[in-house]
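The structure is given below, and queries will be raised subsequently.
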Amino acid sequence: MILFDSDYQEGCLPQILEALAKTNMEQTPGYGLDPYCEKAKDLIREECGTPDAAVHFLVGGTQTNATVVSYILKSYQGAICADTGHINVHETGAVEHTGHKVLVLPSRDGKITATQIDHAMTVHDQDCVKEHTVQPGLVYISFPTECGSIYYKSELEDIHAVCVKWGLPLFIDGARMGYGLCAEDCDVTIKDIAALADAFYIGGTKQGALFGEAVVFRNKDFAPDFRYSIKQNGAMLAKGRLLGIQFEVLFTDGLYYKASREADRKAMRIRDAFRKKGITFLVDSTTNQQFPILNEKQMASLAVKFSFEQWQKLDAGRCAARFCTSWATTDEAVDQLISEIKKL
Amino acid sequence: MILFDSDYQEGCLPQILEALAKTNMEQTPGYGLDPYCEKAKDLIREECGTPDAAVHFLVGGTQTNATVVSYILKSYQGAICADTGHINVHETGAVEHTGHKVLVLPSRDGKITATQIDHAMTVHDQDCVKEHTVQPGLVYISFPTECGSIYYKSELEDIHAVCVKWGLPLFIDGARMGYGLCAEDCDVTIKDIAALADAFYIGGTKQGALFGEAVVFRNKDFAPDFRYSIKQNGAMLAKGRLLGIQFEVLFTDGLYYKASREADRKAMRIRDAFRKKGITFLVDSTTNQQFPILNEKQMASLAVKFSFEQWQKLDAGRCAARFCTSWATTDEAVDQLISEIKKL
Amino acid sequence: MILFDSDYQEGCLPQILEALAKTNMEQTPGYGLDPYCEKAKDLIREECGTPDAAVHFLVGGTQTNATVVSYILKSYQGAICADTGHINVHETGAVEHTGHKVLVLPSRDGKITATQIDHAMTVHDQDCVKEHTVQPGLVYISFPTECGSIYYKSELEDIHAVCVKWGLPLFIDGARMGYGLCAEDCDVTIKDIAALADAFYIGGTKQGALFGEAVVFRNKDFAPDFRYSIKQNGAMLAKGRLLGIQFEVLFTDGLYYKASREADRKAMRIRDAFRKKGITFLVDSTTNQQFPILNEKQMASLAVKFSFEQWQKLDAGRCAARFCTSWATTDEAVDQLISEIKKL
Amino acid sequence: MILFDSDYQEGCLPQILEALAKTNMEQTPGYGLDPYCEKAKDLIREECGTPDAAVHFLVGGTQTNATVVSYILKSYQGAICADTGHINVHETGAVEHTGHKVLVLPSRDGKITATQIDHAMTVHDQDCVKEHTVQPGLVYISFPTECGSIYYKSELEDIHAVCVKWGLPLFIDGARMGYGLCAEDCDVTIKDIAALADAFYIGGTKQGALFGEAVVFRNKDFAPDFRYSIKQNGAMLAKGRLLGIQFEVLFTDGLYYKASREADRKAMRIRDAFRKKGITFLVDSTTNQQFPILNEKQMASLAVKFSFEQWQKLDAGRCAARFCTSWATTDEAVDQLISEIKKL
């Protein structure tokens, strides 16, 4: 059985294990106050073109989202988000657990638009509405989205502009940022992300690290007390250097991009194989997640040799399946999958 | 410079790194639903003598405490705790962040007594008090305590009895459980802990793992939906097997105890060296943390070659310092420290 | 200017003021532990046909919803609710402020169906969904709804049955319960409500009291510690007897129904006047709130003499307006309004 | 039986009932946006000498404290408070329910000092402490305190100065402010309070209103979105004018002070009677609450004709009792009590 369920089924890029082994018995201070974290932060600041940015390392995506969102929001504020957004659907209410409402905007492909945000703010900004409803306090988007789609540069610029107009911080969830940046149709760079978002994070867990997410605040004065929130949310790793070591490896010699690009290339091979069979997709995705719409027979047939996720049940017994590639996917595994797709 | 500041200054026991390397490219399901976690859970259940226990793996101590406490408590309840307790003083209000008050009892040595708990419950149980105050909903103790002291078996039995009397679950924070169980004067076994506590956790982070804490609910029906809380609190590791692999190693061939015992032995060497110089301690500790009371000159003298924590400032320029040993401490390092202590 | 904006524009039924004046200098214990509250609770238990019910008096609707919902839910649970539901749209995230997500179901007329609830539970009850999402922990509906519509008895019975099936408590927000029970097409009695809901509240604020909501738990063992939550949520009135006195008056000699029935009758007069002009409504309502869809000219024309709410902006400059009657509305005021409607 | 248990055992000052009756059938907008609230706010601003202050009316003390505290604090901050403070001991964890820790300082008489606050801040402001603990985000004191004592002007000025030094907002709970301001030894005016506190509230509930507390922010820009928090915390009264009407009455012709002064005078009569019998007090109080220390026989003797609170159990069967006077206490009732005290 070959698993295509998710992008966190293996351990980590071998270079990371090597670095961990090499440094294992060194003594360093805890809580991320070590030289490895400092080095990794410098690499990230350089990569982002933001010398004044603050960088923090957390362990996982849900805790990162809840920590950043609850840090930014005031007690009576909420986060604008696509109805498909990860914080709205797959985090067991972690944001609400910190006391904040997720303010949803409808989305077909995982994306929201500047126009939608502007409209929501205009509706809120009426005297008879205001204090009787949650005040929008930030905009949350993910890049790529929950559905594998990516924002184009002009879309991000428009969202940035509407955020500036309304004084809303923009927070980009980059759990799979590498797979987005390396997509064949992507016109966005990490420097663009860093220039347009007030806060974002660069995912490690789904991108070849054992675990870890790097939060970047473009302006280090944006979140001066963020370490309090990291600790309060149980996200401050005692042996913080483990995060620094991993991100140093990822951002040395472009490893982060190399691994992402390979995963995307393999996902495109899978996409093309489904397309050739006339199979359509829930969303057009150029990243490492593919959502072909399969009927029961097709699913049963592929399920013999492969494991994949049943993402969304549709009518007539059809289902949008999810096939993920990752830094760890081999061309041999993809060959085998394509061979079975051809038989459908 | 040799660091004695804490027990999380190195990476992990080498056996753990080996196991991670060996399994690195295997494919498993995420979120702790893999065979390694299952194996580790079985080992822990066996070690605890609790075949019906539920075992869950989380990443760090603060998140474990907040997740367990907020799972157990009802919205209007709080956690009884020593004023020195970790959740009260060193977790940036993580428990309060989930909406619950920490109800403190005064403590000199980090321990609280059954009598104190009984008195607090009696005071609460008056009509004029009850609903105007937070209802105690669990008792939190740590083993060993924040100050390195340990509860003796009869003390735990008394606390257990008073908890039963008042219907209070007992939760034991075992971030350093191994160092407690292996202390020279310890008459408690992990089976005792498992028999007396409704919930407890076995610390990994400070005990030789890279990270990880194993929560044990003696009765698996005690917390049937605990995985929701793990996820909601950002404590569900995507690559959950990393936790299973580590705890499998720790609980194979008694590695957990061997490593703890060595650390305690070294701590006793340090303790005895201070004692011989007539230096007293903040608390009598037989575990891996020692709190000698030093004057300014003594601190300055030791600070030349060693790093340690200034735990608590006392009068006349004196300070209780903290020296920690761990699974990673070498006898050579201890020799050097003792050599300098002798010169004080 | 005559105000039809809401049903809380005047003080209270004169009988209430009289009772307050008559009892003003009596001495009683605080916090609702007085004979007036006891008397009012007995009257409500009798009216509901639930001798074992627990009754509690709180001050306002938002605090009542947040207090009941946060009492019932476990930390990882949320409340199923129509997207139009008051807790979702008009309470500034009070429920989320207590840490819980509102789980919305789409609604056209303010109502949700047993089928929708069953489907939501079925979707949640999949292994790949469960702990990654908020667990539904109760069903919240309002009677009448935010849009003035009412559930019919069979609909409530179906919702009750599906709640029993899934083990979900049913909570009915009755801020305007009287206006619902007295509607011309209502086949539901307060005894039905009490038999079908685990918890509900009888609104006072919008029904002729100065303020106050009476929460009823059919089974007094359902929420034994509810007074802790009342206090914790700032909803325990020091001079609690003010609530008891008001509800005693409301439930003596059927005053609650008399006042509601009159309000509904006047609302029907307004509805019919709009209908005769061929004006349609956002929702068919037989209760005290009417939502005629008006164009700009019509709104401007009525706004000369009357104040009303612009409930929802529609296309082409049209708007659903809200006209409310209440226990305090006079036939003279309605006559004047109808006279102007005729001129539209 | 005459009740001296608390200062909320009767209804309200008769002038308030008259005003409510007189305005009962007027129509006004809801939620505090009515002319009565505006008038009352003007009166309070004038009385406080703060023309730029923002004034808001809430219903009760616990909700006011939780709403103000959670508005001011950031998510990782807590409130410095005496261990005897109302938010710490008598509000069922309402502040913690909003996610914030109460940071206690020890107190004998209900008061804390500038020196204590400065010390707490100095301890917090160490690198090894900071983010591992809750950041102090405001100072909460009450005037008079929970124990009836008052701060003198120089003490408030010192606290103000230390708050300015550390950038901490100062919030004064004035649930019984009138009884404090009218105490025989008080050298503080409401203008002083308004000049020294960033936020405070003027209690109505315990000072002759049916209910209601007036929150004052000296600088209206300090809390521009406070109405969101009022609503979110369930503290926005639908018929908000009821609060405006009451505070207008209280601050017309000095009624607030007259009623308070009378209550204090009667409390001093009771104090002196106990003193003459050689009975000592838990705390020296010059306000409406007196805490004589009684033995069992004395308590039993007084309990025949009077009801009072058993505030704190002491050793040897002794107990600190609480006797409260209020705006409603008559000299006749006090005469009877004194007569019985003489017989002790």
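The chains carry the letters A, B, C and D, assigned in the order they are written, with residues numbered from 1 in each.
Keep in mind that, in the parts below, a residue touches a chain if its C-beta (ideal position, glycine included) is under 8 Å from a C-beta of that chain, and two chains touch if they have at least 3 such contacts.
Since this is a predicted model, take the numbers as computed values, not measurements.
Chemist: What are the mutual neighbours of chain A and chain D in this structure?
Modeler: Chains touching both chain A and chain D: B, C.
Chemist: Centre-to-centre on C-alpha atoms, which chain is most distant from chain C?
Modeler: When every chain centre is compared against chain C, the largest gap points to B.
Chemist: Using mean CA coordinates as chain centres, what's the gap between chain B and chain C in Å?
Modeler: Once rounded, the distance between the two centres reads 49 Å.
Chemist: Express in whole angstrom the distance between the two chain centres, defined as the mean CA positions of chain A and chain C.
Modeler: 41
Chemist: Calculate how many whole Å lie between the centre of chain C and the centre of chain D, each centre taken as the average of the chain's C-alpha atoms.
Modeler: 33
Chemist: Where in chain D do residues touch two or more other chains at once?
Modeler: 75-76, 91-93, 97-99, 131-132, 134, 228, 231-232, 236
Chemist: For the complex, give me every residue of chain B touching chain D.
Modeler: 75-76, 78, 89-93, 96-102, 128, 131-134, 309-310
Chemist: Across the complex, what residues on chain B touch chain C?
Modeler: Going through chain B, the ones touching chain C are 70-71, 73-76, 98-99, 130-132, 134-135, 225, 227-232, 236.
Chemist: Which of the residues in chain D come into contact with chain C in the complex?
Modeler: Residue positions touching the partner: 2-3, 5-6, 8-12, 14, 17, 20-21, 23-30, 59-64, 66-67, 91-94, 97-98, 205-206, 210-211, 228, 231-239, 242, 328.
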